[in-house]
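Have a look at these structures, which come just after this line.
Shared between the two complexes below is subunit A, which has subunit B as its partner in the first and subunit C in the second.
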Partner chain A sequence: MLDAGRRPLARAFRRNGREWLTFLLFVGPNLALFAVFTYWPILRSFVLSFTKWNLLAPAPEWAGLANYRRLFADPTFWRVALNTFIYAVAVVAVAQACAFLLALLLNRPLRGRALLRTIAFLPHVTTTAVAALVWVIVLHPHYGPLSSLYAALGVNGPNWLESASLALFAVIAVGIWKEIGFASLFFLAGLQGLPADCYEAAALDGVRPLSRLWHITIPLMSPVIFFLLVTGFIAATKAFDSVAIMTEGGPVYPASSTYVYHLYKLGFRDFQAGLASALACIFFIVTVAITALQFRMASRWVHYGE
Partner chain B sequence: MALVSCFSFLAAFGGCGGPQSSLPSGSGITYWRTLSGAAGDAQDTLVARFNEQHPDSKVTSEFQGSYSDLATKLLTAAAARRGPQVTQLGTFEIRQFAKSGVLVDLKPLMNGPNGLDTSGWPPTLLAAGEIDGSVYWLPFNVAVPVLYFNQDAFAAAGLPGPPETWADFFEYARKLTRLDEKGAVQMNGLALWNITWPLLSMIWSEGGELTNRDYTDITLNDPVVIRMLIDLQSLVREGAATLPDKASGGHRAAFLSGRAAMILDSQDAFSEVFTQASGFTPALANYPAGAKGKVYAPGGGGLAILASATPEQRATAWAYVRHMLSPESIAYYARESGYVAFTEESRRAAGDLLQDPRYAAIHDALPYLRADYSVNMSPAVRNAFDEAFQKILVQNADVQATLDAADARAEAAVKEELAPQ
Partner chain C sequence: MASDAVIGVGRARTLANGAIYALLLFSCVLLGLPFFWMLVTSLKSPHELAAYPPSWWPESPQWGNYAEAWRSAPFGRMYVNSLAAGFAATALQVGLALLMAYAFAFIRFPARRFWLLLVLATMMIPDEMKLVPNYLTLSRLDWINTYWALIIPPAAHAFPVFGFYQQFRMVPSALFDAAKADGAGHWRILWRVVLPMSRPVLVAVTLVSFLGRWNDFLWPLIVTDTASMRTLPVGLAYLKKQAEEGASPWHLMMAAALFIVIPVVILYSILQKQFVEGITKGAIKG
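The block that comes next holds the complex of A and B.
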């Protein structure tokens, strides 16, 4: 193995040509698709971010760092960045806490457990467009169940989608509702794979349930929690559909707009592809940085059972 | 009504007879359209009629969503050198598409052997498609501002009829507002649309301006604009007016369900209002007059040919545009959809259509349309004003300060938007 590593690449390829061919056959199609539909657009977007282009002119016009300067000076950019951060933190934190509790419940021997698990997972398989429309009905100020609840309680409840300060939270509610089912499925799978002997030993030692949860379950589940934190955060920062359907970023733009919705608006509604590309590049860099930070911090609290 | 409508359609097209194609064989084209319901179905009927007359040159009609959805799809299609050969297009994006070479200059076709005589058309409508001496867009579904009101609520409030002036309009909104015994609003006098367009007529008729046509003078903080928005803000504060969210049905749903007594809309809402209003009698009128009389912002959409069409497809595309803009087609479309029969010939072809006082009121607005689409055309000005007036009405923001900031923002954005590429 050591010898093979020292051999020049060409000799290694001649000797192991068949293996290389098999490798390329398996990886090639996937790599080609990634290259065309992911890596090339990323590269192209990076180049476009230094240009002024309305998507229609024959060629983009070089603009240097003008797009980046314009974005950093624009209060709307900072507002949508803040909205997206609030959205992502709220959705990930609330949905994962609820999903974990739900998974603990669904992991117990309950009557109708399979049905309950299906119900819990249903919001995730519902398309976001449909989920958003359902929530529009739920929050409807005159005909929604929430307004009936307010009326039954004798209070004049707020109008969520007409309020510039509440609309973002209405969008967050949809995100949480959809994420809970997905996260609970992973937590449930993780819980079912936990070694029973740890719990038997803890029971023999008389460890109380809450202590068992804190000292055994959560540490053993930390890889699942970490996975859901990383993927959940990335997914949440890309929120678009629910904003487009429920608020279009309003009622006073960008009160409930998110980063990706703003990107879409700049690029495809306002004809500013260069500016939208700069927004996309900043998004890419920040997402990679946050993910790297999450991985760096993971060594402190994620236990892989070694 | 249905029988009359059917008869006039047959009469209108009776002279066309059977197939009469002289177009290049196999030059099929695609037509992208917006508008659903009656306004969409009527377009498909006109397309079917064209296909019957030209069996070798099929037009395929494809619905693409709202005006802005259609423009977004057209943008990406044009960037990919794909898309339709003819499109319906709102007034918002004509300038951007035309300046980028996406649309065909129709002037040579209009003046050619199979031309189109628009000498009798209102210049106000033609002006929207004229850019630097060329014509890139021709009006088709012309919209005018229309005030819809709840007749029963007017009677209950002791109001004789629709408001004649904007001063009356504000007063009526207050009188029409109903509160319950706890002081909660049961019916708002007015539900506002959350876009700039209806406010334009209000501002223009009172002598205000948002911008000049070439954007060298942006005046979102014009004194008239400030006064109008202070008045509207007072109505909202008092509960006499509301700005409902779009997802919950917006201003139209508020009116149709009897939760608002008046809406400022266009005749695009015509069939929706008169078929879906429940529990009260709806009626329509022109927008009130201001200090400068009646000055109305035109709306709606028109037709454009895409530059990506081959010469054969362009021939079919032009034949199709002429078909859609024939007096008979415009008259048919007006009858079916409520849009305006905007030429003298089409009104004649429409027969007894204007005997209906509702249609008559819609057509009465035509002479007051102003040849100025400039605000519609610039996303920068539109976005800045939309956000400002929503901030003023929803967040109760300071009117002067908000409009000053919006004006500065619009000026900077317009420079960027109109800079040559």
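The block that comes next holds the complex of A and C.
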């Protein structure tokens, strides 16, 4: 008894041993994979970011803050960061606005609503690599549907992907196309959950539809809007597939390159593991910071109804 | 007077409905146009493809384009790769997540919440951060350009754990206790009690996991380096690169693109509800 009192852990184990072992058996295999392919890579990314390594040399060489200094002094880095910001803001703003309108239209008993919803959501499940390839031809000045318009107007259409100023917007178009149906689904679910009595009262008071939208619908929908803004923005900063397929960052690098494409290029084309890891660590820190910031801002304007 | 007003309202409503239908039709045409163009282009002859302005309907549909596209790259092999790696990774991901989520929900263990948070916190970490170190680990294991590379690293993911855990927490504890009192062990309870109650979530999570693998581009691009190991999206990217060097057989590329989306479109049309549920739940991961 004295012995057991001195060793509470051992006593606890005698009592719960079977339960604990089962827990370890159930959690262990997955946690082992997490350790090797998630936790370890995070640590290693931070360590590698302080080294110089071209993957051919036998071992990485300590470099201190050199990678970070090099990145911050590199105009390409800033251009890529700016492109990613433009991409994310454009995709989130345009897709969310269109999706909200689409959801308002769909939120009434219309015939064929289910079919419309199916079509709207289809782009989201489409493989991004395929979507990007299809958009290459949709925007093509010769083979695309827009060229019918150009021909009718008698003008030469812009060659989106060959233009340094337009290429990024071609990539943005794919992002918007994939996002609209997805976001409208959330908005629609939100709209259908709004309390009907609010609207009945407003209608009795003679509140005009536009004013109802502004003063009732949008405030009540703010949690959904906010949720989609945060998740949409973070997802958009990871754009890679469409850049790789459509432009490879071109026509003159980094005209349409994004952050993750730059990471891929540094790590797997230029074999600069240290520099790519520094890029990855900055990405990690910024992602976490944006999430935190957006949640702090939320308390100011998001209305959580009770 | 009164009936006049009613008629006026009725007319305004018809007009509004008409406008709404027109707007909806317009947005659907915009969203559907890329699919339509993919299909039409895939059926054009090289001669028709070159026409300017382009035709909006193939003069005589060239069904042979599909056979020709299929032969232009090892699509059979790439289909096998995509399917095999997709199924294996999904099965592993879902199976491991089931066990883990069950343990977090039902088995007592010291600091259980801490372990749960340790796993769920990884949902905040961008997958892209793991690319370089995981590539290094795989080359150490000599797994580059093997099925292991396509299957094992993506298998541990927090999203299915989160999905199952949320569902399991809703299982009434009375039911769990009753099974326990009957002398059922955890393994039995998982299969006989918890899983049958969680079928919709199981289907939704499995679909999203598989879709993620099928559509994945960056990871297979990095870890495969021969045509025989490529998955479909990566194979398509290489086909496009080859085309850039020569003439552009866009009709064939659109046919190849259809090979990849058609399984997804079919699966999506059959299991639309589960797809939507899984994807909207998965969005919480961001």
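Brief remarks follow.
The rule we apply is simple: the second predicted complex is superposed on the first by the 265 of 306 C-alpha atoms of A that agree within 3 Å, B and C clash if a C-alpha of one lies under 4 Å from a C-alpha of the other, contacts with A are read in each partner's own complex, and residues count from 1 in each chain.
Just so it is clear, a contact is a pair of C-beta atoms (placed from the backbone, for glycine too) under 8 Å apart; a residue touches a chain by one contact, two chains touch by 3 or more.
Keep in mind that this is a model prediction, so the values were computed, not measured.
Because the two structures share subunit A, they can be overlaid on it, and in that overlay subunit B clashes with subunit C.
With both structures placed on the common chain, the touch criterion links A:R296 to neither subunit B nor subunit C.
After overlaying the two complexes on the shared chain, residue contacts for A:R208 are found with neither subunit B nor subunit C.
Contacts of A:I245 after superposition: both subunit B and subunit C are touched. By the touch criterion stated above, A:N54 is placed in contact with subunit B alone, subunit C being left untouched.
Shared-chain residue A:L161: touches subunit B; no touch with subunit C. Legend: residue contacts after superposition of the two complexes on their common chain; A:Y253 is shown touching subunit B, with no touch to subunit C. In the superposition on chain A, the chain among subunit B and subunit C reaching more residues of subunit A is C. In the superposition on chain A, A:I180 contacts subunit C only, with no contact to subunit B. In the three-chain model built by superposing on chain A, subunit C overlaps with subunit B at stretch 80-88, while the rest of 80-88, 116-124 or 260-268 show no clash.
The intersection of subunit A residues touching subunit B with those touching subunit C, taken from the two complexes, comprises 55, 136, 140, 142, 245, 268. Of all residues in subunit A, those touching subunit B in their complex are 52-58, 61, 70, 136, 139-142, 156, 159, 161-164, 167, 245-248, 250-253, 268-271. Against subunit A, the residues of subunit B that register as touching in their complex are 68, 71-72, 75-76, 78-79, 93, 96-97, 100-102, 184, 194, 243-248, 257, 259, 379-380, 383, 386-387, 390-391, 394-395, 416-417, 419, 421.
Touching subunit A in their complex are the following residues of subunit C: 17, 20-21, 23-24, 27-28, 31-35, 37-38, 41, 49, 52-54, 56, 96-97, 99-100, 102-104, 107-110, 112, 115, 119, 122, 124-137, 152-153, 155-156, 161, 185-186, 211, 214-215, 217-218, 221-222, 232-234, 236-237, 240, 250, 253-254, 257, 260-261, 264-265, 268-269, 272, 275-276, 279-280, 283-284, 286. Subunit A contributes residues 12, 16, 19-20, 22-24, 26-27, 29-31, 33-34, 36-42, 44-45, 48, 55, 98, 102, 105-106, 108, 110, 116, 118-131, 133-138, 140, 142-145, 147-148, 150-152, 177, 180-182, 185-186, 189, 230-231, 234-235, 238, 240-241, 244-245, 260, 263-264, 267-268, 273, 276-277, 280-281, 283-284, 287-288, 291 to its touches with subunit C in the complex.
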